[in-house]
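Dropping the structure in here first, questions after.
Chain naming follows the written order as A, B and C, and within any one chain the residues start at number 1.
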Amino acid sequence: MVKMVRKGKLVLLVLVLVAFSLSLAGCGQEKPTLYVYNWGDYIDEDILGEFEKEFGMKVVYDTYSTNEDMYVKIKSGGSNYDVIFPSEYMLTRMLQEDMLEKIDLNKIPNHKHLDERLMGTVYDPKNEYSLPYLWGTLGILYNTTLVDEEITSWDVLWDDKYRKQILMLDSQRDSIGAALIKLGYSVNTHDVDQLAEAGELLKQQKPLVLAYVVDEGKDKMVSGEASLALTWSGEAMYAISENEDLAYAIPEEGTNVWFDVMAIPKGAKNLEGAFKFMDFLNRPEIALRNTEYVGYSTPNVAARAMLPEEVRNDTQAYPSDEDIENAEFFVHLGDALRHYDRVWTEVKAH
Amino acid sequence: MVKFLKRSYVYLIFAFLYMPIAVLMVYSFNDSRSRGMWGGFTLRWYVELFQDRTIMSSLYSTLLIGVVSALVATIIGTLAAIGIHNTRGIQKKVIMNITYLPVLNPEIVTAISLMILFVFARVRLGYLTLLLAHITFNIPYVILSVLPKLRQLNKHLYEAALDLGSTPTQALWKVIIPEIMPGIITGMLLAFTLSIDDFVISFFTTGSGVSTLSITIYSMARRGINPKINALSTIMFTFVLLLLIVVNVRQAREEKKGRNGKNGSKRQVSSLGARLGGV
Amino acid sequence: MKRATLFPYVIWMALFIVVPMLLVLYYAFTVPTDAGATWSLDNFSRFFEPIYLRVLGRSLRLAVISTIICLLLGYPAAMVMAGNAFSRKSVILLLFVVPMWMNFLLRTYAWLTLLERNGVINVLLNALRLPNLNILYTESAVVLGMVYNFLPFMVLPIYSVLSKIDKGVIEAAGDLGANSFRVFTRVIFPLSVPGLVSGVTMVFMPALTTFVISRLLGGGQFTLIGNLIEQQFLVVGDWGFGSSISVVMIVLILFSMAIMSFFEGEEKSVALW
């Protein structure tokens, strides 16, 4: 009996301690706090400490793994982030649902360093809500020892020669998008017939596909498990840096240019801090460190100029004007997303 | 010979269970960031690991939440199992079916419905909500581990204890709990394991500034999981293994002492009478 | 007194299981309209299209196969552990769960490294001049992943039941002339059924709704019910459809369990429930 009471006390003690430490975590903040929500491993974290020191602000930094995860968290209303980093299609979705604060470009003077070609794009024509953070293209990563032709077209992903050597993305928008571009349609189409056509094309392709991959695809390419992969340029750059036999190509039919942008969710408490943070990230030397750490392309022209010559002139990482003009941007599809989902489920269950 | 075969069988299963662990440990010494390539031997991930604030603080949260949620779930779940065991008919069926729900519900459904509940009730998302969520999905596993032990229990044991003059509480603590202990331990182990491995439910029920290891690791996936995580796993694994060995050696030594000494029989105390002797 | 111990759990259950479940039911039975939400069965009628039923069928099949393999592998292991082959049983028990303390994603990626065409296993097989093993991105790999991750959930409850079976009963059966096979089928196995039922439940139910295993080891080619639901909640944002799939599945399983217990009579139903 005594033993039991003692055990009970111990448990109680543990609980009280926990409750105490929880309440401590909540208070005692004199400095203003900036809550930042970003992709995992998507910033040189030393930069956060420097920002804290320079502006006398505390930064609470959390990470997510997909746009959708982040969206559901923000939408629920249970979070309190000041700066988020959605991709462009998620930005348009959040805009449609009135989930974002306007930004004040006057308070972000460093935005003048950003590439004109990547500003004022269709997803945010006046840059009222967002500034690009990192960007890239959709293309084909291939192993030059296994593929000895020049890649110029999406057709190669449908070539019987590469049966069970092809990796597609397990992502509705990107895989269906590649099929749509190949067919000459818009990647944002709402047309059910066009989508059905793209679906048929993907079903035809399925016997050739080794796997529909997400994040593990780049490692498969590095180890030479597959010859060709539909992939984003950032992932491709990473894979090429690990294995020199790999190369990345943007097909001539066109591509999709993607962005991860900085934005402020509605109800953010520390607007001033958010602007300062966005301005800080747009300083050329800071943007340089981030692009070097992450390995994705920076939209910051001044930062790009400071990169080693072979990187800044690499047309794989920084495509030509022509490629950019020829490219489309994703926007949120609203209810049409269900048709995409339907087509995709059919392809996968085929 | 039979003993040898039996042991070999279990060792084979261990080989199956530990094969991937060996792989991820080897990759903690890989000089390349990619899993697809062996870039030579290095210790740099271990050095970088200890400078990484994010990983260290998420390790702390993971262990804290894991231990506390397993403890609380074990207490509530064990008591619940005893109660369920003594309930009959429709009432029992209803409770058991509800108990299955968190096991049966896909994680994402549990996660989002709990998140909506917390936001609606205006509980600030953070340690507290994370803990509540973990306890919730742990309890069914504890109940499912303890119930079979209760069914195995001799029905008359409890009554015999009462006849021998113990109060119901004493009978519970001195008779029933020791008998079902293996089930309780099993339940607690499973609860702790589930808690530290969970990603989906943790992600949606946590708030700003509180991150578990799983959340940190999953969010790295897009850029490739940093080998620092492999280094951390290797350290954790080695630590647990060493702990097991130390405890084991100490126990063996104590047993030896016990066997030599005259009090050896004390360890054998297991009969009902002897246990109640202390009441 | 003994019933009162149920009290804390009932409150917990009501707050954190029943209330969220009501939310799920609400989403399942409504469709969003401009003026809010209206009651509707659309989400359910959509699910009964052949394409989704096929996904459900595959999920059930793979979950059943995984559960059976876990049982066949796990039961003997639990028996060995409960017997006298090992002197340190608690250590052996812990060794079954320790691998699960390493992160799930890392473990699954490690399986990729093992199973790939030029992976560790095939390199070893080549060295021994044995035929290659190419199961990655097949249903076998998905089953393997499930067995790997859920095996401890089968072994532990069976072990905890077997470990305290009264040795006297077994000896008595032996003294009465039963051979060891009969001792097993007539004495040990029936006594272990409660643990077995718990094990099967803890393996089958999570196996049915897992989605990361099928995505990574199945190469995204085997959409399971878990993938479908995750897709609805996160990618499409159609919470109603996602909830309704989940509800259908839960009703299906609980219903079939009830029917089984009905046919097997009241006494055994206690074991099954």
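By definition in this document, a contact is a pair of C-beta atoms (placed from the backbone, for glycine too) under 8 Å apart; a residue touches a chain by one contact, two chains touch by 3 or more.
Just so it is clear, the model here is predicted, and its values are computed rather than measured.
Of all chains, the one whose CA centroid is most distant from that of chain C is A.
Just to note, of A-C and B-C, the chains joined by more C-beta pairs in contact are B-C. Between chain A and chain B the centroid-to-centroid distance comes to 35 Å (mean Cα coordinates, whole Å). Averaged C-alpha coordinates put the centre of chain A at 34 Å from the centre of chain C. Inter-chain spacing, taken between the CA centroids of chain B and chain C, is 17 Å. Multi-chain contact residues of chain C, defined as those touching 2 or more other chains: 109, 112, 233-234.
Within chain A, contacts with two or more other chains are made by residues 66, 69, 72, 214, 216, 219-220, 223-225.
Of all residues in chain B, those that touch two or more other chains are 35, 112, 116, 169, 218, 221. Within the complex formed with chain A, the residues of chain C that make contact are 51-52, 54-55, 109, 112, 116-118, 137, 215-216, 219-223, 228, 231-238. Contacts from chain B toward chain A in the complex involve residues 32-37, 39, 52-54, 64, 68, 71-72, 75, 112, 115-116, 118-119, 124-128, 131, 169-170, 173, 203-204, 207-211, 215-216, 218-224, 226, 279.
Partner chain B is touched in their complex by these residues of chain C: 1-10, 12-13, 16-21, 23-24, 73, 76-77, 80-81, 83-86, 88, 91-114, 120, 148, 151-153, 156-157, 159-161, 163-165, 191, 194-195, 197-198, 201-202, 205-206, 208-209, 211, 225-226, 229-230, 233-234, 239, 242-243, 246, 249-250, 253-254, 258, 270-271, 273. Listed in rising order, the residues of chain A touching chain C in the complex are 66, 68-69, 72, 170, 172, 206, 209-214, 216, 219-220, 223-225, 337-338, 341, 345-346, 348-349.
Residues 1, 3-4, 11, 14-15, 18, 21-22, 25-26, 35, 37, 39-42, 45, 60-66, 69, 72-73, 76-81, 214-216, 218-225, 238-239, 242-243, 294 of chain A are the ones touching chain B in the complex.
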